[in-house]
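Each of the next two complexes has subunit A plus one other chain: subunit B in the first, subunit C in the second.
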Partner chain A sequence: MDKWPSSNQKWLSAWCIKPVGGALVRQEPEYILLALMGSPLKKIMLCSSEKEIFSVEEQVMVQHSVIINNMIEDGSYNHEESKIPLDCVDSKTLKKVIDYCTHHTHHHNDNQEDLEAWDAQFLNVDSNGLYDLLMAANYLEIRNLLDLIYGTIKNMIKGKKIDEIRRIFNIKDHGFTPEEEEQNRKEYPHFY
Partner chain B sequence: MGDALGSDLISDLPQSIVESILVRLPIRDAVKTSILSSKWRYKWASITQLVFDEKCVDSCSDRDVVEKSVVKFITRLLFLHQGPIHKFQITISYLQSCPEIDQWILFLSRNDIKELVLELGEGEFFRIPSCLFNCKKLSRLELFRCELDPPLSFKGFLCLRSLNLHQVLISPDAIEGLISNCPLLESLSLSYFDSLALSIRAPNLKYLYLEGEFRDICLDDTPLLVEISVAMYMTDDIAEHFEQSASCNFLKFLGGVPNLERLVGHIYFTKYLSIGNDPGCLPIIYKNLEIIELNQVSFEDMKEILVVLRLITSSPNLKELQISGSSNIPSATDAPDLDFWEKECSSKCRLSHLRVVQLTDMCGVPHEMELIKFLLASSPVLETMSIIPCVYVVESQLKMLTELVKFRRASAKAEIVFVRE
Partner chain C sequence: MSMESLPDALLQYILSHISNARDVAACNCVSKRWKDATTYVRTLYFPRNSFDNPSSGEIPDNIVQRMVSNVVKLEELVVYSPFSPSGLASWLSLVGQSLTQLELRMDNLADNQASRESPSKLDCIGAAKNLVSLKLWGVLMINSPKWDVFQNLSTLEIIGARLEDPVLTVVLLACPYLKRLLLLGCEGVRSISIELPYLEECKLDFYGLGNCSLSLISPKIESLEVQGCSWIRVPETGHLKKLSISNSSGRVYMIDFGNLNVLEFLSMRGVQWCWDAICKMLKLASEVKHLFMKVEFTGDFEALQPFPEIDFVEFFNSHPKLRKFDIHGAMFAALCQRNSLKHVDPGFVIPCLEEAVITVRSPLNAEQKISTLESLLKYGKNLRTMVIKILQMKSCHTSADDFFDEICRLRYMNHEKVRIE
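And now, the complex of A and B:
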């Protein structure tokens, strides 16, 4: 909540929508930031490439994804009817991304060790899953998830021997000519 | 993690993502990826940050061999590199000045270098080549043990925000010129200059860090300064020079920094400020100054105490105060002028935001006790006062405690913590 973008005030003054007696009624422009912060369960709809719809707290996505934050700020998202189409992200990955953002919003006061343990468990996926998460985080511009994944991939390379990295990355054909590969092994034996 | 049926997706990631990953690796691991596969051959070659440290080549017992190996590694790497290089950092203690370094700097000057850090080994100072002064996009420069000689035609680094010179041979005119010709300079750090007399004109400067034997420092045009930290050493001839000086150092140094938020002084800084005529009641109020830390204050020198008092009473929003004594065994105590305290400290003085006070190396001399008495009586929201007595004066600790207990406290919450080893 302390990361509430102040530009939401502009949006709110244009589109004030308050539930009145069960129905959604458009109000005069007024600052209802406090009212909105009092009802953080305002939801938005995200639509995966498989046309599956996920409902998620707006505050959660706005805090983490620069892209979604921008869409909501410039008013291109209408709460009443539209959903945000994310054609590059499949359902399985989108669900994981939403999990990540939701956990980090609700648990941001947890101690560092607990958060790191949760992150490590979260990234315990196969290489396809990791790739999909990376692409999704890159597209949605989720900085902390990106940093986390970069860190994980970096650890697959750092301090490891070439043969081991090839195994981890599933590089079956290194693409060098036999002479080149032999030359490399002769020149840098300790890297293999 | 590797699964037998999976495919190699990592090698086809967009270059921007690959670079974000490679830049997080030590340079050696990043370059190693060139032998991973033919697709990876040149992925490392366009990273924009190159950081070299002691671990970038294999170590071995022969320093000469390692040094040659590092020089070869860096030269080859630069030769194979493609595209701009924004950050180049060398922190290698066994690398001495050598002609190849000139060539590297020339190469960097042609490749949009923005951040340059050069920390070479002990030995001959490296003479920075003139091509450095052509690096128009330089925003951060850190040099250790170098010789810097800007050409006469040099008009300044127009993008420089951060300058750190540590044991650098440069003429005083050149350094003044360098500082005043970098209009965006925000952070300046000068360490280990001998007998430097300097006038600093930097309208955007926010952070100033000085360490060394300074003869004379004048902050001429630094209205935006927010943080100052000074460790001032003194030699006999500097001390002599000071005896003769009449100008008020306090005003010359702190007269033009109304936005100061944090002030830290070490060794002879307070003495430096005390030299010259007493400014009397200060013309400026430091309304943002929240943290004052003054170390090695001599409580036997009335002028130094006056400096401390003037600073405290001119900072209405002071929150944290740390003072350490000069930890010299007090000399024969002449009757101290305690009337001074009654004159200087009006009972109306209120330090309405002071919460934390730490006093270290206290010997229990009368002026120290008067300061503590003054602070306790004037700080209505004080939470903690920690007093750490000097290790040499075990006998007077009891005497100090007895006096402390008598002092009036303006803050009901104030906790006095007397730390005994």
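And now, the complex of A and C:
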């Protein structure tokens, strides 16, 4: 809630949040508030490079993506008619990014272990998929997803032999001259 | 699209955060592009076993030098693997200017010969002029290092050292801007005077007979932990919030502190403290919120004496802000005297106490002890938890069983608050 636009924050501080009847007790306060306000959860439209439209809760994207947060705050996004075009992100990747942001918004109170397990499962993709996620997270400036992916990449490198690293990262041409490659193998024979 | 097409900037960012030297070396060989990216590595860490299986025949010092030279602006160097003074000198000649953090396993505690080598490993460190943090393990400091002043050094940690007083003095003179000083597991110190005007945190742990003397003049000091001193003088204590004094081998006999108006945490531990020192400490720490007391005996000389009685009411009245109270064995027994609870002023209250941890060791004076525990519960209006730890009671004595039963009864009567461990 700290990352919400300031206009939303003013609403929240003016209202005392109370559960209303048994059915609402289990819901998170944000939803009670907005339900009481009588307006549905605000949604925004994101458009992938394949021109597919994804509808997602505004607060979810605003919490995670600096780019989208800025667009909404400075008013360049019109809720009634606009969609945000994301030409560098394909549908498959965009769906995953939305998945990540939505889960972390709705489950931010979960314990650390559960969140980490979910993250590990989420990043269980091949290196191309990881690359696509990295580029999307970089473009949208989603800090926590970026840090997560950086950590995963580092772990993919740690302790591995060089041939393995080349295979994982799809490096077909290492760019060394034959003499350089031979020199490397001489200096670090147990890394190959 | 694949990882190969990762933009240079992202590749550099990712690889610059890899610090384990083995992984950096591997990245250097993966591809030309990766080798270019690893020049931006910020930290190089060589674990203890880095060179355990040398297969290339190259000496470790040179391997480290080669890796260090491949980096553009190394900020942190950590070397736990063995090295020589000349190796260290060669590395620091390459990165001495950019290096801000240096951590070395010196491993020359057992060496008496090495101390004659010139320049020594310690001398070589002087080349890293811009260090902000220096951490050394296993150092022999019996010859003063030839250091200029480290203008930026704010943290110095020496763990496991054999020192001599004049050498320590020279070392501290070279670090006048220190904010954090840790000397742990240090042997050989007899008497040390520290005058560091910016020091905020100080942790000293001296091995030996427990009879070191310490004088610390650092007006900004906020946290001080001392183990192994018998004579401690800290006149400027206007900012001191956390203080811990312990002596597991010697006797604490002289405490000379300034006002402890902002002290929040006080820990007094040891085998033997002079009664005068205890009283003085408790009197100065009138504002303390968390108190930990574990001293076995008192006595001004060699002979170990039991504690005189401490008046319960007076004790809590003179520490009105006490929130957490941790007291052990002999000192708790001293608090349980028969008279202080006989005529208690009806207005008496222990206002802030929320948590109490009492460790009992003997069933002697069981009735007084139970009565004191009950008083804590009765007068501690805000007491939420009381933990009673029962340690090493000689259970062959029937009174021990009775005492234990009484404690259980106390627990039963106050089960929300009292817990036994």
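Everything below uses one rule, namely that the second predicted complex is superposed on the first by the 155 of 192 C-alpha atoms of A that agree within 3 Å, B and C clash if a C-alpha of one lies under 4 Å from a C-alpha of the other, contacts with A are read in each partner's own complex, and residues count from 1 in each chain.
The criterion applied here is as follows: contacts are C-beta pairs under 8 Å (C-beta built on N, C-alpha and C of every residue); 3 or more make two chains touch, one makes a residue touch a chain.
A quick note: this is a predicted structure, and the numbers were derived from the prediction, not measured.
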Superposed partners subunit B and subunit C on subunit A - clash or fit: clash
First, second, both or neither for A:Met45, with subunit B first and subunit C second: neither
Touching partner for A:Arg167 - first (subunit B), second (subunit C), both, neither: first
Which superposed partner A:Tyr150 touches (first subunit B, second subunit C, both, neither): both
First, second, both or neither for A:Lys186, with subunit B first and subunit C second: second
First, second, both or neither for A:Ile67, with subunit B first and subunit C second: neither
Subunit B versus subunit C as contact partner of A:Cys88, first or second or both or neither: neither
Common ground on subunit A, meaning residues reached by subunit C in one complex and by subunit B in the other: 127-128, 131, 134, 138, 150, 153-154, 157-159, 162, 165-166, 168-176, 184, 188, 190-191
Touch list for subunit A against partner subunit C, complex: 127-128, 130-132, 134-135, 138, 150, 153-154, 157-162, 165-166, 168-176, 180, 184, 186-192
Subunit A - residues contacting subunit B, complex: 126-128, 131, 134, 138, 146, 150-151, 153-154, 156-159, 162, 165-176, 184, 188, 190-191
Subunit A-touching residues of subunit B, taken from the complex the two chains share: 1-3, 6-11, 13-14, 17, 20-21, 24-26, 29, 32-33, 35-39, 58
Touch list for subunit C against partner subunit A, complex: 1-6, 10, 13-14, 17-18, 20, 22-23, 25-34, 53, 55-56, 58, 63
